[in-house]
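Have a look at the structure below, then the notes.
Chain IDs A, B, C and D follow the sequence of writing; residue 1 opens each chain.
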Amino acid sequence: MPSPKLRVAVAGLGRMGARHATHFHNLTPRAELVAASSPEAHELAWAEKNLDGVRTYLDYDDMLDQECAKGLQAVVIASATAVHSEQAIKAIKRGLHVLCEKPLSTGVEKSQAVVDAYRKSLTTFPSQKVICGFSRRFDASYRDAYEKLQTGMIGVPSVFRSQTCDKLDPSGFFVAYAQFSGGIFVDCSIHDIDLALWFFGEDSRVKSVSAIGITAVEPDLRKHNDRDNALGLVEFYGGKIAQLFCSRMMAAGQEDSTEITGTKGKLAINTQPASNLVNIYESSGIRREIAPHYYGRFRDAFIAEANDFTACCLDDTAPPMKLEGAVNAVRIGVALQEALISGKKIEFDEQGNRIDQATKDQVRARL
Amino acid sequence: MPSPKLRVAVAGLGRMGARHATHFHNLTPRAELVAASSPEAHELAWAEKNLDGVRTYLDYDDMLDQECAKGLQAVVIASATAVHSEQAIKAIKRGLHVLCEKPLSTGVEKSQAVVDAYRKSLTTFPSQKVICGFSRRFDASYRDAYEKLQTGMIGVPSVFRSQTCDKLDPSGFFVAYAQFSGGIFVDCSIHDIDLALWFFGEDSRVKSVSAIGITAVEPDLRKHNDRDNALGLVEFYGGKIAQLFCSRMMAAGQEDSTEITGTKGKLAINTQPASNLVNIYESSGIRREIAPHYYGRFRDAFIAEANDFTACCLDDTAPPMKLEGAVNAVRIGVALQEALISGKKIEFDEQGNRIDQATKDQVRARL
Amino acid sequence: MPSPKLRVAVAGLGRMGARHATHFHNLTPRAELVAASSPEAHELAWAEKNLDGVRTYLDYDDMLDQECAKGLQAVVIASATAVHSEQAIKAIKRGLHVLCEKPLSTGVEKSQAVVDAYRKSLTTFPSQKVICGFSRRFDASYRDAYEKLQTGMIGVPSVFRSQTCDKLDPSGFFVAYAQFSGGIFVDCSIHDIDLALWFFGEDSRVKSVSAIGITAVEPDLRKHNDRDNALGLVEFYGGKIAQLFCSRMMAAGQEDSTEITGTKGKLAINTQPASNLVNIYESSGIRREIAPHYYGRFRDAFIAEANDFTACCLDDTAPPMKLEGAVNAVRIGVALQEALISGKKIEFDEQGNRIDQATKDQVRARL
Amino acid sequence: MPSPKLRVAVAGLGRMGARHATHFHNLTPRAELVAASSPEAHELAWAEKNLDGVRTYLDYDDMLDQECAKGLQAVVIASATAVHSEQAIKAIKRGLHVLCEKPLSTGVEKSQAVVDAYRKSLTTFPSQKVICGFSRRFDASYRDAYEKLQTGMIGVPSVFRSQTCDKLDPSGFFVAYAQFSGGIFVDCSIHDIDLALWFFGEDSRVKSVSAIGITAVEPDLRKHNDRDNALGLVEFYGGKIAQLFCSRMMAAGQEDSTEITGTKGKLAINTQPASNLVNIYESSGIRREIAPHYYGRFRDAFIAEANDFTACCLDDTAPPMKLEGAVNAVRIGVALQEALISGKKIEFDEQGNRIDQATKDQVRARL
């Protein structure tokens, strides 16, 4: 008797949604993609052509209604960021497992609402799994580094450096995109922040953030309070520090690299980027190519994500990360973005509450 | 209406057979694994547990009989090398598509028999596809190099260097294995030879081979006329030369690297091996790990092979390589192995016939 | 007739002083090392044994008196940082060329005093050369990167990342050293700051600095208001930003790397550190060693520095860098160190004056 | 009292001679370059301008006559290869120390004559040093590899791979040069052969050589019995094997790399060539440059050679290599070149005598 497969629907069939749908349809043996929704008719047409046997819906709610009746078990939220939290909460309330693309929301409160809904729902559906799709956690190299770190190989992880740098896109895409992205720290560095929380420990509490940035190639980003290159510092309670770099201006391709320095050693991931194992020797020297976009770099991680999510749902095992971490990451990303624009350092107390200058002055006055 | 899938059976469920079966079962969306055969009961038990819905057979012929009646379309031959050619020919005669693990046989005649059967069968089944599974042809890096070469980027490819080097295995495995492997040049270098034929052009004709070797760690290999390290030279008509290195003694892991030097540039594949993108900084320096075995290095290539084979069968497109090349590779591998043991250079005329010393003396005498 | 050689004295024969003396004595063909001073008798004994024909002095002033009478032309200041500026000024007043080890001083005012003395002295000795020994400016790789940048290859240099990270030294040396070093940003990052000024343009004006740090392995550093790992952000007027990392905790060795991202490309220096061209393949993977200390990494740069300084003195050509830059670097380093300890962002107006919070509040109040 | 310096003369002031003269003049503290000879007046003019105080001679014998009277102690032979052995022998007979550029001669007999002269001279001048300048033995990376090998780190060195590949030079230089070079195996691979002898042990005895080659870019080389790309196999008694690659056709620059595989590990030297530590990120990927010519790669080795030769002469310590090795290297190089042209494998008995086919037939007949 064949093992039952996880019945999955995908919400959103844009660039990433179509990829998720394909991964669940073709490359996740234990899952069965049963449905997909998109408000865009041409995206549904694509699905009908490329996803044999998958039912399509123009309306997300409609999909939930009809598919839940047919035994839907899980939803992948890959729609526009603006509706992530709302769609996730709807699915959570029906007891469905949820894999939500990052970020849960570009705002802290809406992100927290997803966590709150999940915590509440767990009392009714104790086996329910809800995770935020930080794809790098599923990347073989990051996982290898994490496992090595867990063995104590580098001692206490203390200094973290990470960057998410997109290839220069002269089309102006990034300007239009900035309206909805939450800003470069929320859009790009959210991954690096999540990695810092993973490597330093998911319970790490942020102490302060600072940031600076420029518009070197896209001055119009300033209209949306954004920058094309930014640097951030993040301080955590407990003697851990991080530096972040995000950019929309890399010439060679997607450059996402990370270093974790511990008291006894260091782990570096992708500090010598290469799209494959080929070196080209020519009169100008030796050259290697690198992946132009994040999907080229992380495709295998997305596939692992689909398979691991499926496994933890089917087997009722612990999800690979805590959902709370995703809110924590948004909190830090949003604060960095604010620091970037205001030029001010933002501080937090040990409970995660912001300490603003007025508060500090009050505290000082009382002493 | 869903597209029909290619109905595939796998013959042999040993180490590689089980992998092929898994790839076709789980990771080849357009294929359906319907059956598998193995003379080993425990391997069938494994299949029953891990390959949902796949029918199992102790006998290959039995499988063909029963499955052909049910619409079998293709067979993957991953059994012991000794039966490759026989099983392949049986499937060919039934008009099945065949993906045969390398080598077709350890002997030239048995290899040629497969080609002959295929050529004959094509008159009856003009869409039939038969390929030999030289996995490196499906590796993303080798493919990228091949495509770059085709653009003329390195001019005329002229000097080829390639090595297939296994991790040192102190268990004695390689001694036992040498009885059936055909020798280190047939077992390991066959891949490098196939790559040379690919990069130099599939119609390349061998002119001479020379070889030397040692038993540095496994003197018992001499009982089977084999060596644990060997070096070979291969000369082709038309001004192209190749050097090969095969070894059973690499400390760090599987080291399979290739360089193609042309008149205008060079392409190097895997000359800086690494299992992933992690670098470890520790008191002894900076370290990276490499894949211990060929499957760690080439897993993705095997999966691509399954998918590409499936696509060319379903779509009736040209197979990714000519079957004749597989015989050519065996011919060169067998000659290198003979040169290794005899210490003699072996020469070929432009028609591929060996020129032995006696012949050369005769020719000379007649002049 | 042989060309005259530059007659040079070295002040200070500690670790770096002895190296400078050796470079000028043995490896600077156009220079003649005539004298050396040190308050340490054992260092003079070393000089007498190793520097044939060099006259030695316990007292710096004594050396200047006697050697100037004999035609001394240049002095290399390699004594304790605390006396750099004083010794440099004395030599400057006598019209001697001066190569002063970095930093001119750990304080801005004393550093500026050297510049002031030099500017004044130039009216009397218009050919006098005074430079601060930022050795990286003489390193072949940094020079190559600088020249490439000058060609416009990477467009406008916009984002700078650099680190100076010392090998972990469990002896407690760094704690004792912190009393005099000026702090980790002044001692280590001064090099990175100088590089930022070089790559961004020597007239770059700092806009703000922020910093965070920890004591991960040497808590006693806090007694000297220092840290063992620190991260800094530096913002320059004109849309240029920099991130800095300094550490006393690297396991593998000295790790000094730099990246300059421009609007069209990026230059990376030493992001794949290696002490030489050897790779070691062993059962744990592939390993390379890196230089344990800065002298291992930069020895050739120090030798180039000696030769280039000599050449500009003898040939009366422009010195390789402006002395003002050295004060600018100290200003930024000192501000970073203050930001590190106070936790406050420090801002500067376009004239280089600090804008403190009170000032900002005043300015705001007046508006 | 200053230590006495070694009084050195250089014979030959062509490209390499001028470099040797400069190294001894400027960068070898314990040596004093006193004289230089060249049959070319313009080369002497160069010396008079650039080598302060060095006496110049149009005639080598004249230099020896006059300089020996003035206390000459050592000669560096950097003249045309054709006169190496003759000039070396003249200097040897006068009891001078000799550093002779490689090869001693392009012929085995003339090379052996130098060794014979030296062996005889030693009875009169027991402290005399005569070495052949295999510069790679003085390269920091090769030395590091050699020392690591000596520790047993890679077990028994068993398989050697090395290449000396020159940058493509479309000027036709290599064709003209082939008249005098002794052929590509004698000119280029002599270094690799010397390294094989060093790493395998200087007493290694060659058992056989085979070679193949092509003219891919310079067909006119065939006029001089030479090739532009060649591959060789060298078998040694005692279970050691080597493969060699020499080329005049590398696009990116000088590519000299070496790997020594032992029973427990491998050492690789320069398998990732780079001229410095800079990586260039641009829209076509990540690029590094490599040294265009051997002097760019080995300048520091030549300087170390000058210093080490000087030290062993002054201190009467063992020379860094045996002179006999240089004859052994020529013997193997000449045999490879012959094998390249004849297409025949050449075998040697354990005493180093060639076993030709006729001999083998005779031996066989007698059995």
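By definition in this document, a contact is a pair of C-beta atoms (placed from the backbone, for glycine too) under 8 Å apart; a residue touches a chain by one contact, two chains touch by 3 or more.
Since this is a predicted model, take the numbers as computed values, not measurements.
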Let me spell it out: compute each chain's centre from its C-alpha atoms, then which one is farthest from subunit C's centre? B
If you tally contacting C-beta pairs, which comes out ahead, B-D or C-D? Let me know. B-D
Whole-Å gap between the CA centroids of subunit B and subunit D: 41
Hey, what residues on subunit A touch two or more of the other chains? 154, 250-252, 264-266, 271-273, 280-283
Within the complex, which stretch of subunit A touches subunit D? 168, 250-253, 255, 273-274, 280-290
Show which residues of subunit B lie in contact with subunit D when the two form their complex. 154, 156, 158-159, 161, 168, 208, 210-217, 229-233, 235, 239-243, 245, 247, 249-252, 261, 263-266, 271-272, 343-345
Residues of subunit D touching subunit C in the complex: 2-3, 25-27, 29, 52-53, 140-141, 144-145, 148, 153-154, 264-273, 276-283
